[in-house]
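Two complexes are shown next, each including chain A; its partner changes from chain B in the first to chain C in the second.
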Partner chain A sequence: MPRNVKSLNGAGFSVSVLVSVGRHPLTARARRADHDARAVEMALSLNDASVQLIHAGDNDTASEEALRGYLGMGVSGVKRIEQASNADVVPALTNILRFAAPQLVLTGTRAETGEGSGLVPYLLAESLGWTVVSGLAEIESIEQGVATVLQALPRGKRRRLQVRLPAIATVDSSAPAARQSAFGPARRGELTDCAYASVIDELQTQWHIQPARKRPKRLKIVKSASARDRFKAAAAKADSGGGQLLSDVTPEQGAEAIFTLLKEEGVLR
Partner chain B sequence: MDGKCSAQGWVYSALAEVCRRGPAAKATRDEVSTMLNTLLPILIFTALALAAIGAVRRMRLWRQGRPSPVNLLKGLAAMPRRYLVDLHHVVGRDKMISNTHVATAGGFVAAAVLMILVHGLGIANPLLGGLLLLASTSMFVGSLFVARRRLNPPARLSKGPWMRLPKSLMAFSLGVFLVTLPTVGLLPDGLLEGSGSWLLALVLAGVVAWGLGEMFFGMTWGGPMKHAFAGALHLAFHRRAERFSTKKGGGGRSTGLKALNLNDEAAPLGVEKPADFTWNQLLGFDACVQCGRCEAVCPAFAAGQPLNPKKLIQDMVVGMAGGSDAGYAGSPHPSQGIGGKPVGEHAGSPHGPIVALEGKTLVDADTLWSCTTCRACVEECPMMIEHVDAIVDMRRHLTLERGKTPNKGAEVLDNLIATDNPGGFDPGSRLNWAADLNLPLMADIKQVDVLLWLGDGAFDMRNQRTLRALIKVLRAAEVDFAVLGAEERDSGDVARRLGDEATFQSLAKRNIATLAQYRFLQIVTCDPHSFHVLGNEYGELGGHYEVRHHSTFIAELYDAGRLTFAPWKGGRVTYHDPCYLGRYNGEYEAPRNVLKALGIEVKEMERSGSRSRCCGGGGGAPITDIPGKQRIPDMRMNDIKESGAELVAVGCPQCAAMLEGVVDASAEVRDIAELAADALVERPAGDASGGSRRPAATTMTAEEVIV
Partner chain C sequence: MSEIIRRDPRREWIARNRLHPEYANVLADMGGGGGGAVSEWQGPNGAVRKNPRAIGFIGPNGVKRIDRSGLQQGGQSAATTTAARDSRRMVTIDQPAFLVAVVPDMTGGRLSTHDKDLLGLARRLADADAERPGAVVAILFGEHKEAALGEAGIDQVVHLDDNSYAGFAPEACLAALSGVEREMAPRFWLLPDSPLGGSELGRRLAVRLGERPATQVWQVEADAHSETSWRCTARGAAGSVDITRHLPRVVLALAECAEPVSETRHAAQPVALPQPLPDVLGRLKDMGEVAVDPASVSLAEAEFILSAGNGVKDWEGYHRAAQVLGAAKGASRVAVDDGFMARDRQVGASGTWVSARVYVAVGISGAIQHLQGIQSCDKVVTINLDERCDMVKRADLAVIGDAGEILAALVARVERYREQQQENRDAA
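And then the complex of A and B:
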C-alpha cells in the first residue's frame, strides 16, 4: 500500500524519474522495467508533487511501447532523449537534470538491459554534486528541503535516513509494486523528444557481451536427522557474518577498510 | 396484501352501491350514455397524448446513448415474430406465466385498439363492441392470474409499484368491459336509470381513467407497463439481431463479445457513464420487467457476492434517467455477510461515472467483477437483455482507462502481454508435458486434418492429464492431427473478459496470423473457452475456423466406428455442462452421447443443460476473486451430491480445476477425454472401417476451407 506523503510543501515539489526500457526475463520482450516502474509508483504516491519522466536511449518501436507502459500509470508524458545504443547516457541525463532542477530524482536500482551495472545514479550524483541514496523503500516526509526516507536493508530490515535535497534515490523490489498500466492513458500520453548528442562509451565498444550461463548452485549438505534443520539449511540465505560497521570515520579510514577487505577477498591483488 | 384487497374491494363495493341505489330514478339512460360518450374520448385521447409525450421523453433518454447501426424498418417488421417466437420460447419455460401473459397482453393490445375505435372515435359498431368485450374479458382473466402470482410473490419479483399492477390491469379490463356493455345493448334496463346513474357513470369513468393511467400514461412515464413499450422496441432494435430466429429457421445464438474499435482514438474505451452505452443497450435496460429470473439463476448472487443482475440492470435505468436507486423494490446486491447493499445510497446520472473514482456513485466495482460471464441471466431473460455485454463494457473502462483490474488481474494481464499465457510461464515450455509423446508440430508438417488447440491448460498439471488422455484417444482413432506447440498463444479469453480488449486483440491477431500459415480442416480443443473465442470471436478480426469441442469430435469418431469402448463399470455419473460449451455454443448433446457410448447413464442434476450452474471459473472470476458468503464451486459440488453421483464428468479445464478445488468433495472429477481414454479397447486387427488415415483427397478440401 503506497503511503501518501502529507507533509509536502504544496505543489512546488518536483520529482524526476529516470525510466529505462526493460526486458522480460523469460521472453526478452521490451517492457517497463520493474524497478523503474516502482520508482514511478513512488513518485506518483507523493501528494501534489509534479512528476516528470525522463528516458535516454534508443528510439525504436519496441522501446516506445515500453515507455508507454509508464504513461499508462497515469503520467501525461515522458521526455525522451534519443541516444545511440552504444552511448553513455550520463552526460545527456546530467544535462537535462541540471536544466530541469528537480528536488528529487528517483530511478530503479539497475537497468534490465545493456550494462545494467547500476552505476548511473552514482555517476549522475557525482557529476551533479548531489546526495545519492540506494534501496529506497518509502518516503516518509519531505520538509524544508530534507526528506525522511526508509532505506531497505537485507532481510526486511529498514533504516530511517534524513537526506538533504536535491538527491538521487534508487528504488528496488522492496518498494511498493507499480500500479497497473492502462491502455487508454498509455496511448494518449506524450513522448516529447529532446535532442542531446550521443557520447559514445568507448570502453563499452571494446567489450564482448554474451548471454549469462546459469550455474548450478552448490548445496550445503546438512547431515541432520531433523527435517526442520535440513529445510532451514536449504532455505537459508548466505549469512553475511563477520562484517564490520564503520561509523563516524574519516573518508581515508573508510577507504582503508574497504581496501583491506577487497584484498582479503582476493578481488584486488 | 391489505392494500390490494381493499383497492379491489373498493371497485366492487362502489359498483354494488350504485346498483343498490338504482330504483330511485331520475336521470335517463341517454343522459348517462351521453356523459360517458363525452367523457371517454376525452379520457382516452388525454391518456394517448400524455403517453405520446412520455414516449418522446423516454426516447430522448435512450438517444443519449452512442450510435448503433440497426435496420429500423426491418427490425420493426421482425418484431411480431421475435415476440411470438423468440420471446415466448423463453417465457414458455414457465407455462403458467406464459399463458397468463398471452391472455393479459393479447387482451390488452386488442382491447386498447378496439377501445380507441369504439369509445375514442365513437364507432359504436356492435361487432367491434363484442370483440372489445371479449378482449377485455381475456385481459381480466389474465389479470386474475397475475394477481394470484402476486399473492405470495417469490423473492425474485420486485414489489413496490409492481404490486399494484394486477389491480390496474383489472381496473382497465373491467372498466372497459362495463363501459362497452351499452354499445352492444347488453345492459339490463333498470341499471342505468337510477338517481345513482350519474354516479355510476362517474365511477366507471374513474375506473377507466385509472386503467388508462397505468396502461397508457404509465407505459411511457416509467410505470411497470414501461416494459411493454420499451420491450417491444427493444425486440425490434436489438443490438444482436442475429440472435433471433428467422422464418428460414436457424439463428438464435449470438454470444461473442463485440470488438472495440481500437483504431478510433476518439471512441471511448468501454463504458464509463450510462451515455457511453449504445442507444439500443439503454433501450434494452429500460425493457426489464423486473421478473428476477436472472437473479434466480445467477451463481454470483447465490454465492452472496455483491451482484444481482436484475438490480444491475435497474441501476443502469436509474443512471440513464438520473437519480438514486431508492425507488428500487427488489432484492438488493448481496454483500459479504448478511443483508445486502442497502438501496438509496447509490445515485448516478447519464453523464456521470457509473463506478466512482472514490466513494459511491451508481455501481460498486466489485459488483462488476463478481460476474463469471456464465450467461445464465441472458439465457433466462424474457426481455432479451444482454447483461454480459453490459458488464464487460463497464469492465473495459475500468481496465483500459483506469488500470483498476482487481486482485491478481493486473498480474495476469501483464503475464499475457509479456509471455502470452496468464501464468507467466516460459512460452517455450508449452509442450514440456508432452516431451515423451512425440507430437507432430504444424511447423513441420504444415497441413493436417485436425489442429489440436491445447489451450493454457498445457501449463497446468491437472489439465495435462486430460490432454494426454485426449491424445491417446486421437491416436487410437488414427486421427491425422498436429499441434502448434510453442507457436500457440493464449486465445485471449481471460484478457477480454477482464476488459483488456487491447491485449485480447493483440493475442487474437497474432494467433490468426500463425493459423494462416497452415492448412487444416478443423480445430479441436478440450477448452470450451478457446473453442468459443476461436469459433465465435476471432471472426470479427478476420479468423474464420471450423472449431469443435473434443466431446463433439470424440462423439463423431465413435459414430464413425473409429473408437471402441469397454462397458462402464464405475458408479453413478453426472455431467456438468460448461457454460462456454453449453450456453455459449449450444453443445449439450455431444458430451452426453460420448457418455452414452461409454455405457454411462447420466444422472442429471437439477440444473443442467441450458440451465446448468456455473462452476465459478469463467470471466476471470477466480482471478478477481470477489468474496461472498460461499464459493460457487462448493454450491455446484452440492448440486452434484444431490444428484447422487459419485463421479462428475466435465469438459473444461476450468470446471475441472474449480470442482477439484472443492474441499471434502463428494464426487470425483474426470474429463470426458479421460473417461474415454480409460475405456478404449484395441480394435481387432484387420478392422479398417474408416480407421486408416484419410487419403490425400481429404487434404485437398483443406485448401478449400482455408482460402
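And then the complex of A and C:
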C-alpha cells in the first residue's frame, strides 16, 4: 500500500536501505536477507521517495547473486562498498551515510551471517547522532521532519511513535512481507562499487565459533525435603486443578461468571 | 520438675496391650494429651516409641488408610511448610566487593521468568567468590507490583519512579542507566535479550558505554584464562552458530540462561542515586498503543482466543461472539476436519501451540493433543456439556451447559457492558 509522504521543502524524500547477504536457514545458500528485504519493501511502499540501497561486505559471486535478489524487487541499483570478510563495516557505512545524508535509513534487525548481534543500527546512530527506532511495522506519515511510525510489540500489538528525522529504523518479521524478486530487473540492475579501507575486527579472531548446539531442556527440579513431595511432583499429571466448576446454572449466570473473569484479566476492550 | 524420667510399669504394660480397656486413654496420656490414639511418644529412656496401629484412619469402605503426607498428624503440616519456606537462607551483603547491575523488563509490573533467570545469572556472577561477594543491583523503571524482589535474588534496588519513564522512553531510561554507571560503576551489566524492551535498551546502553556486548547469551561458565574469569556461549548468525568468547561487561542474555534463585533470600534494599538525573530532550515521542484487529494477529501470539470444537452447533453465533469479544478464533481438530474452520486455526499438537493469556474453549472435550497445544496459556475457561471431561479438569473456570445459549448470553452481557461504557463516556 503506497503511503503519502509529504517531505520537507518539497524536495524528494530520500531513504537509504542497508542490505546484507542472508543465508537460507535450511540450504545455507546465500540469499537476500529476510528482514532487509522487508526493509526494502517498506522503502518502496513510500510514495515518491528516492530509495538507495547500500551494502558493505565482501565481493564474490554468491553475494552478488544475493544482492541481485534485492535488485529484482524493482530497485535500479545497489551501492556496494567492498570490505574484507572479517572487517567491521560500521566505519564504512558511517562514512557513506554522512556523505549521502538521507532523511531515513531502514535496515533489518540483525544479520543472518557473522555475529548477528543487531548492533550496527545503534552504532551508526551513535556515531552520526541520529535517532534509532527498532521493530518498525509501518510508516504512517512523514511530515515536517517528523515521522509517525508503528512499532511492533510482542503478541501482535502496535505502538505509535513520533520520531524526529534523520533516523535509523530497524525492521523485523512483523513488517509486511517482501515482494517477489523478478529475474529481468535483477539482471538489468546495476551494482556500483565504491572503495573504503577495511577496518579488521580484531576481537572476533579470538572467538571460538561452532555450529549451534541444541540447548539443553530445562529440568523441573523440585526442591523438597520429603520424598513423597518429590515423587508427587514427578508423577503428577499436568492439570492445574482447583478450577471453579459451575454446573446447574442458567446460561446468564454462566455468562456472568465468564464475563467477570474476562474483565479481571483485562482482555475486554 | 526434675529431669529424672519416672516410669509407670503398669501404664507401659497397658500401652503394650491394645486389647486392654484403658489402652486408648493411656496412649493419649503418654502422647502429651492429644486426642485419640497417639502414634508417637517418648519412651521411658527418652527413646521415641511408635505405635504403627495408631497411624491412619478407616476409609469409607472400612479399609484402613495411611496418609503419609503428614496431614493426619493434625496441625503439624502447616507448621512444617512455613518452616520450609523460612529455611531459605537470608543473605545480606553489607560491603559488596563489586556490583552486578540488572535491568529487568518488568512486563506488567512483575518480574517475568526471563527476568528471574537473568537474576539467577547475576547471582552466579556475584557469588562466585565466597570471600568477596558482590551485590546484585536491580534498576527498575516506573511503578511495579512485585513483592518478592528479595526472593528473586536482588540485594539493592534503584527504583526510578518518575513520570518521564512511563510508557516507552528509551532515551530517558538510557540517561538514567548512564547515571547509574557514573555513580555505582557496576562490574557487569545484565539485560534480557527480549523483544519487550530489554534487547533495545541493552544495545543502546552498550553503545553509549562504548562496550562491545555479548548478545543472545545462553550459557555462562567460569574460565580461569579469561580476563573477566568468565566465558559465555552466545547464539550468532540468526541462531545457526554458537560463539564462545570472554564474558564482556554488557551481557544480553536469552531466557533460561541460568536457574532462578530459590535457596536464598536477599535484602532488596532501596538505594537512591546520590545525584539527581538530568532531564533529557527526547527525539522519540510515545503516542500510545494502537488497537489492532485480533483476526490479523497470528494464533501463536494472540492474547485472547475463543476456540470452538465439536460441541458448537451454532457456528454463526460463535463467529459473532468472537467478533464481539474481540478474540482470535481457534479450533479443535474435529472442527477443522469437519470443515467448519480453516486449517490454520487448529490449536494443538498438529496445529498451533498457542500462548494466550486467556483461552476460552467452547465445546472442546480436551484431547491430550489439544491440551498440549494450550500448555502455556494462563487462564483457561471452558463451556462444556460433560463435566467429567479433561478440559474441565484443566480449566480455571468451567461452565456446564449448552454452548450456544451461554455464548449468546455472554454476547448480550458484553454488549450491555459496552453500552454502559458508551453512556458513561457520553455523560462525561
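What to note about this one:
Please note the rule applied: the second predicted complex is superposed on the first by the 204 of 269 C-alpha atoms of A that agree within 3 Å, B and C clash if a C-alpha of one lies under 4 Å from a C-alpha of the other, contacts with A are read in each partner's own complex, and residues count from 1 in each chain.
Note that a residue touches a chain if its C-beta (ideal position, glycine included) is under 8 Å from a C-beta of that chain, and two chains touch if they have at least 3 such contacts.
Predicted model only: the values in this text are computed from it and were never measured.
With both complexes placed on chain A, chain A has more residues touched by C than by the other of chain B and chain C. Looking at the shared chain after the overlay, A:148 reaches chain C, while chain B stays out of its contact range.
In the superposition on chain A, A:208 contacts chain C only, with no contact to chain B. By the touch criterion defined above, A:223 lies against chain C but remains apart from chain B after alignment on the C-alpha atoms of chain A. Judged by the touch definition given at the top, the superposed model places A:129 against neither chain B nor chain C. Within the complex, the chain B residues that touch chain A are 265, 269, 399-405, 409-410, 413-414, 417-420, 424-427, 500-502.
Per the touch definition, chain A reaches chain C in the complex via residues 23, 25, 28, 110-119, 122-123, 125-126, 131-135, 148, 150-151, 153-164, 167, 203, 206-213, 215, 218, 221, 223-226, 228, 238-241, 243-249, 251-252, 254-259, 261-263, 265, 267-269. Per the touch definition, chain A reaches chain B in the complex via residues 24, 26-27, 29, 31, 72-74, 179-185, 187-188. Across the complex, chain A is touched by residues 68-70, 84, 168, 195-196, 199-200, 203-204, 206-208, 212-213, 215-216, 218, 235-246, 256, 259, 262-263, 283-292, 296-298, 301-304, 325-327, 357-358, 360, 371, 375, 378-381, 383, 387, 390, 392-402, 405-410, 412-414, 417 of chain C.
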